[in-house]
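As structure tokens, here come the structures.
Two complexes come next, and they have one chain in common, chain A, joined by chain B in the first and chain C in the second.
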Partner chain A sequence: MNRLLASLFLVALAWPAAAEPRGTGDLGIVIERAAGRVAVVDRAKVARLATVEGLGDLSHAAAVFSPDERFAYVFGRDGGLTKIDLLTATVARRVVQSGNSIGGAISEDGRLIAVANYEPGGVRVFDADSLELVADIPATERGDGKRSKVVGLEDAPGNRFVFSLYDTDEIWVADFSAGATPAVTRFTGIGRQPYDALVTEDGRFYVAGLFGEDGLVLLDLWHPERGTRRILDGYGRGEQPLPVYKMPHLEGWAVAGNLAFLPAIGRHEVLVVELPSWKQVAAIPVKGQPVFAMARPGGRHVWVNFALPDNATVQVIDTETLTVADTLTPGPGVLHMEFSPRGDRVWLSVRDKDEVQVWDAASRRALGALPADKPSGIFFTSRAHRIGL
Partner chain B sequence: MLRLSMLLALIALPALAAEPVAEQRLRHLLDHDCGSCHGMTRKGGLGLPLTAEALDGRSDDDLAYVILNGVPGTPMPPWAPLLTPGDVDWIIRELRSRP
Partner chain C sequence: MNRLLASLFLVALAWPAAAEPRGTGDLGIVIERAAGRVAVVDRAKVARLATVEGLGDLSHAAAVFSPDERFAYVFGRDGGLTKIDLLTATVARRVVQSGNSIGGAISEDGRLIAVANYEPGGVRVFDADSLELVADIPATERGDGKRSKVVGLEDAPGNRFVFSLYDTDEIWVADFSAGATPAVTRFTGIGRQPYDALVTEDGRFYVAGLFGEDGLVLLDLWHPERGTRRILDGYGRGEQPLPVYKMPHLEGWAVAGNLAFLPAIGRHEVLVVELPSWKQVAAIPVKGQPVFAMARPGGRHVWVNFALPDNATVQVIDTETLTVADTLTPGPGVLHMEFSPRGDRVWLSVRDKDEVQVWDAASRRALGALPADKPSGIFFTSRAHRIGL
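So, the complex of A and B:
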């Protein structure tokens, strides 16, 4: 009884409003990667509500949300998959499902969580309630006894997961529409070293960036029978690539009207392509190697952050004039940006200042900051309702 | 003599209490920037593991060459524009010191 009382007391401490019913639409999490924990935040109040500890190595951690926006699934670097209850700020379930992993996705129906693994290379799929293993999809062997690393794992309509095999130059589609045993379609020889990917907001296209070649690969998920095709082929042809001190990220990519904005690799440019032709129409010179190019919801601007040595800067691109409209300096180590769902505010993690900054996205003024220990990814619950996030 | 040893102790104290700024910068870079590909625990990711065990059998010269010049055909970039050879020596010592 005493123990029960004590634990109730602890819950009350962790969550002062536990007795009050509340929604989760304003909530989010911030990854504190060195400390292996996440902060539960309220983006409307700009408040840090609670801390959830014990999540292992969170370098390069990412998260997805359950359809009811109550649970966050956090993918750690060390193979950890942790289900966090945002209402109680506690770990609801946790499994260490591989030795080394790189992000994941939630299925269209919200019942499956897929994780991309480096070691052993492949994808493992779990029941979203229990985190019990549903399916294991080993990647292609690469010739040295190991299997290819898997990257760019995305959800797609029809309860499909789409992902890329970094070492063996493939894209696979795992279709779970018929149940727990997926139908897997393999596209081979797609281009060298796919390193990350995105699914467009309408769920139609899967686009993988290539590290080993200048270009991207497009798969039309309405017509997978047509196979993959190359886009932006040879976008930097003839130029010596610049060193890339942080790999660009394609998820959270930017689309504004009929234009899409993508980070170039080895070029200090944001590439602009026209949809649905996927032809390049411009390359916007920017301060450094872009990491994320993210559209403010509504598409009026695209915010871009950078790799070393330019990671103290954020640039804002005007999507009408295709020029840099503003250069901001939030501070060293800007790792991630997350917009409020209607785009009025943007949160920036500024790692080397140990803070998360909140900016007004229209006036581009800093409104405030929350302390956070080496913050990296910021994820708001509104992602629950976006295809490909 | 006593005064000299006290003076030496005073000089040594700050060094014991806190790592020199240059080393802090390098440790930070190693943990976070190297760590984004090689893992904060150095067990590998997109890049190879960098634990002392994993690096056993590779010479300091070999490691310094890789760090300064990168590995063509892989995402490992040349760090020569951002690091001095002295920085690289420190990083290699640090990598070898941790299991």
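So, the complex of A and C:
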């Protein structure tokens, strides 16, 4: 990374910009995990605009955005749910809604924020304006007086939230289309210990990974009456020769055309699965244990980052030839990648260099960098317009 | 439409809202064709916020949005290119850049606005900030001292614009990735009289319809070196028994899963084409001559409107059963449809009722309406984040 070049992008801006109106379609946030704060960024100008403090424990933090792309909802590890006003760079609302949580989602209509909780196990749903509690959905009791942890919480069309119960092997669909009291459909015995999940970009399929056995579970949200079914029975920790340094993120799974690209668990491979059959058609050798495999918008390439000891590297897969087209070395601790919505650029969190790098996704040249304190997740407001993010 | 219900949505708002900051992800515009003006709307609140006047001839007008979703660029029929500031509801810039034009596009990086011109035939490209001319690309001379009309201008990944030359049977790709002077690639003899075109949602395929013969022309933008190829040789006016009341819009073509849904020309059918083979697999009987066939985001349904005498009707196709699931009668003169980005709602221009109707796309119930003077195109800012719109 050329520091001189990078400095060109460090535009010093007065912020919040007084009475100057501005659009919000090009904003984003970067999680500064260790410091419990987020940076507000302008992805078009490659500028850090402001810092918002006081968000608590941001390990594994994620964010969603209001439909008007003005507010970010940040889900902390400590049960904190913080609503940030990107235009004023202030905390608009904040609640600590549980003792231990893991991500959340915003409803299709933008009116409800749902949070997945470990402790107490269940899902709590809040009004997106006020952050007042709208609905509490306790998970199944697991026998020791506690309730199951909830993981893999995703939004789906029809104002539904879909999530998995780690301890009791269930997938639940909570339908808020009729108002604040959800209709909950429970799928039981779906497979041992679902640990993470995704919803496909079209909002049709919910896929959960299993920690307690090999394989994945698929729920067709167009046909919930058909129940869940197992896919990719070989996918998992199983009899892997390699230890697993970091479980891959399912939400990062890439779909390009009719192919999905999945980080293998433990192995140095990205798996290629054909849709809608969900059958594996290839395994692409890569440098390390993949964490995220993310499609560049348009689907021409998939970018992959890795667990230790290979987390200084990013590889780019050509989705036509199913081979590695490029190997990049942004630096140690590449934790997350976020594409511009049309796919011309990609931002990379490089934790151990305390910077966020901006790359041209076509030429794969670094364009610049912004300083950030141990950056992890990067989230652009364009996510507001997408299903299942 | 229940006028009492509708009136509930006529929120009276002071606008522009002084120093109140607001996001721009939920804004949009409605073309009031006859009056030469546009309405600025809030799609979340279902509110008409402001009116912007003085846009000239807005027959067949279209719009694109800046990446920050603050500015709309409106392409008029009379060569007018108007940049509207949605936050202040004012004309930020306006140029009359030709005598007769037909649509335009914004580059991937948001810095260039291209306009397709009939007179003089060619493409002119403007700086998105200033609307100063950046590049002039005259079309091929057609032999009578004039140049070919340009149609089907679309943006594509890599800061490319792709367009068709109606009179000289060509498709050109103008690549601005190296700066203001484009590298132009010309495909000649592609088929007689290309009259409109689309780019698929992934930015890969450019498809042009032919007026002078049956069939379509496909250009794979991942592989321009392979040249163009003909697809769907039966598609066209050909030996149709029915007169064509209105040529369908290609840009409205819907892709759901691996199926594309195309309005047939002249016939009362929506054609179903399988990708990536581009072979026809079904023809769905519908009420009239289809104009737009648009996929609800997520791809569960395709909504279809019609030419006269059936333009009071909208039909909804189930993309699994390939049958008509619903027939709606919004009223005479349904000219355009625009979905919310996650697909929960759809707005319909009902010209002869002077209103824009808002429907729940899942239940297919009318939620309300906004007054509009002979509305035609509806465009939401979420288009800013999409390729080929």
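Here is the rule we use: the second predicted complex is superposed on the first by the 367 of 389 C-alpha atoms of A that agree within 3 Å, B and C clash if a C-alpha of one lies under 4 Å from a C-alpha of the other, contacts with A are read in each partner's own complex, and residues count from 1 in each chain.
Rule of thumb we're sticking to: contacts are C-beta pairs under 8 Å (C-beta built on N, C-alpha and C of every residue); 3 or more make two chains touch, one makes a residue touch a chain.
The structure displayed is predicted, hence computed values, not measured ones.
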* **In the superposition, chain B vs chain C on chain A residues touched** => C
* Kindly classify A:60 by the partners it touches after superposition: chain B alone (first), chain C alone (second), both, or neither? => first
* Asked: Touch check for A:320: first (chain B), second (chain C), both, or neither?
  -> second
* Give one of first, second, both or neither to describe whether A:46 is in contact with chain B, with chain C, with both, or with none. => neither
* To do: Could you look at A:283 and tell me whether it touches chain B, chain C, both or neither (first, second, both, neither)?
  => neither
* To do: Have a look at where A:95 lands relative to chain B and chain C in the superposition and call it first, second, both or neither.
  => neither
* To do: Please indicate which partner A:195 is in contact with in the superposed arrangement: first for chain B, second for chain C, both, or neither.
  => first
* Once the complexes are superposed, what residues of chain A are shared between the chain B interface and the chain C interface? -> none
* Asked: chain A touches which residues of chain B in the complex?
  -> 28, 31-33, 35-37, 39-41, 43-46, 70, 73, 75, 77-78, 81-82
* Would you tell me which residues of chain A are touching chain B in their complex? => 33-34, 57, 59-60, 77-78, 99-100, 102, 118-119, 149, 151, 166, 195, 211-212, 243-247, 308-309, 333, 351-352, 374
* Structure fact -> Interface with chain A, chain C side, in the complex: residues 16, 19, 21-26, 44, 65-71, 85-88, 108-110, 157-159, 177, 202-204, 222, 256-258, 276, 297-300, 320, 341-344, 362, 381-382, 384-387
